[in-house]
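The first chain written gets the first letter, and so on, giving A, B, C, D and E; residue counts start at 1 in each chain.
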Amino acid sequence: MLANLLLEIGGSMSTLGAGIGAGLAVIGAGVGISGVGGRAMEAMARQPEIFGKLQTAMIIAAALVEGAALFAIVVCLLIAGNA
Amino acid sequence: MLANLLLEIGGSMSTLGAGIGAGLAVIGAGVGISGVGGRAMEAMARQPEIFGKLQTAMIIAAALVEGAALFAIVVCLLIAGNA
Amino acid sequence: MLANLLLEIGGSMSTLGAGIGAGLAVIGAGVGISGVGGRAMEAMARQPEIFGKLQTAMIIAAALVEGAALFAIVVCLLIAGNA
Amino acid sequence: MLANLLLEIGGSMSTLGAGIGAGLAVIGAGVGISGVGGRAMEAMARQPEIFGKLQTAMIIAAALVEGAALFAIVVCLLIAGNA
Amino acid sequence: MLANLLLEIGGSMSTLGAGIGAGLAVIGAGVGISGVGGRAMEAMARQPEIFGKLQTAMIIAAALVEGAALFAIVVCLLIAGNA
């Protein structure tokens, strides 16, 4: 009886970390893609003739942030799944 | 019996750190790639004729941040896997 | 018996620190490379004729930050491995 | 017996501090080298004729920050090794 | 017997503080040298003819910050060694 309870408490601490970690990862993705995407908009407004190239560069930089964020969220998902 | 339980609680504290660490790593990646990528956009709008060279420099700097972030997330994954 | 259990809990507290530390190190790398790399982009747009020299100076400064970050992540990995 | 166990838990608290401390040191290095290196880039773009001298001054200031950061990370490594 | 154990746990809390303190000291050094070094770069670009005098003044101010940081890290090292 006590065994199951302590086990449950342990698993809950892992899941706590997984939840907080997933949230922090999205904050990171928000900061990163905001900085890149927002300034890409300003740049596009300034030089509309190179719109396509700016969009390509924006997607490259945003994809780097996105890759790290998704990897971290998958790690948090594994933590939550194993707990 | 109690042994396995306490073991489980211990492992959960490690996993708590792994989840939070993975999230913090993505915040780092976000701040870093945002600063580099965002200003690269502004620079591209200012000097569209060196677009290709700016994109190369942007990818070099972003890759340095990305490398540290993915390394830290892998460390967190190892922590979560061993816990 | 109890010995191994408490040992395990102790090791878990170390690993908690390792995970958080690895994440904090990437925040440091992000702030540092963002400041250097981002302003390098602006400088390149202003003086495209010294593009190569600016890129060299950017990589020197970014490498200093990267070196400290990777060293700290390796320290965290050692902590996690020994725990 | 119990003695060694409590000793171990004590050592783990030290190591927790070592991991967090190493991460904080890299944040310091990032802030410092970002400020120096980033403004060096701007200065290089403004006065390209003294590029070499600015790069030397940048490396002197960045090395001071780097030295303190690596010293602190080594202290954290010693803490982790002795714990 | 128990006395020594509790003493040891107390010592570990000291070491926890030593690790975090060393990291915080580097953040201080980073903020300080960033402010001095970064603005020295701007000043050099504005008045290149007094480059040498600015570099000397920058090193004096940065050394003051560095001295305090290294002193604090040595204090943390002593705390860790005695704990």
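The criterion applied here is as follows: a contact is a pair of C-beta atoms (placed from the backbone, for glycine too) under 8 Å apart; a residue touches a chain by one contact, two chains touch by 3 or more.
Chains and their UniProt names: A, B, C, D, E = ATP synthase subunit c.
Just so we're clear, the structure is a prediction, and the values are computed from it rather than from any experiment.
Distances between chain centres, each the mean of the C-alpha atoms, put A farthest from chain D.
Taking the mean of each chain's C-alpha atoms, the chain whose centre lies closest to the overall C-alpha mean is C.
Remark: chain D and chain E have CA centroids separated by 9 Å (rounded to whole angstrom). The centroid of the Cα atoms in chain A and the matching centroid in chain E are 32 Å apart.
Averaged C-alpha coordinates give centres for chain B and chain E that are 26 Å from one another. Shown for chain B are the residues that touch two or more other chains, namely 2, 6, 9-13, 16-25, 27-36, 38-40, 42, 44, 46, 58, 62, 65, 69, 76, 83. Across the interface of their complex, chain E is touched by residues 2-3, 6-7, 9-14, 16-25, 27-36, 38-40, 42-44, 46-47, 49-50, 53-54, 57-58, 60-62, 64-65, 67-69, 71-72, 75-76, 78-79, 82-83 of chain D.
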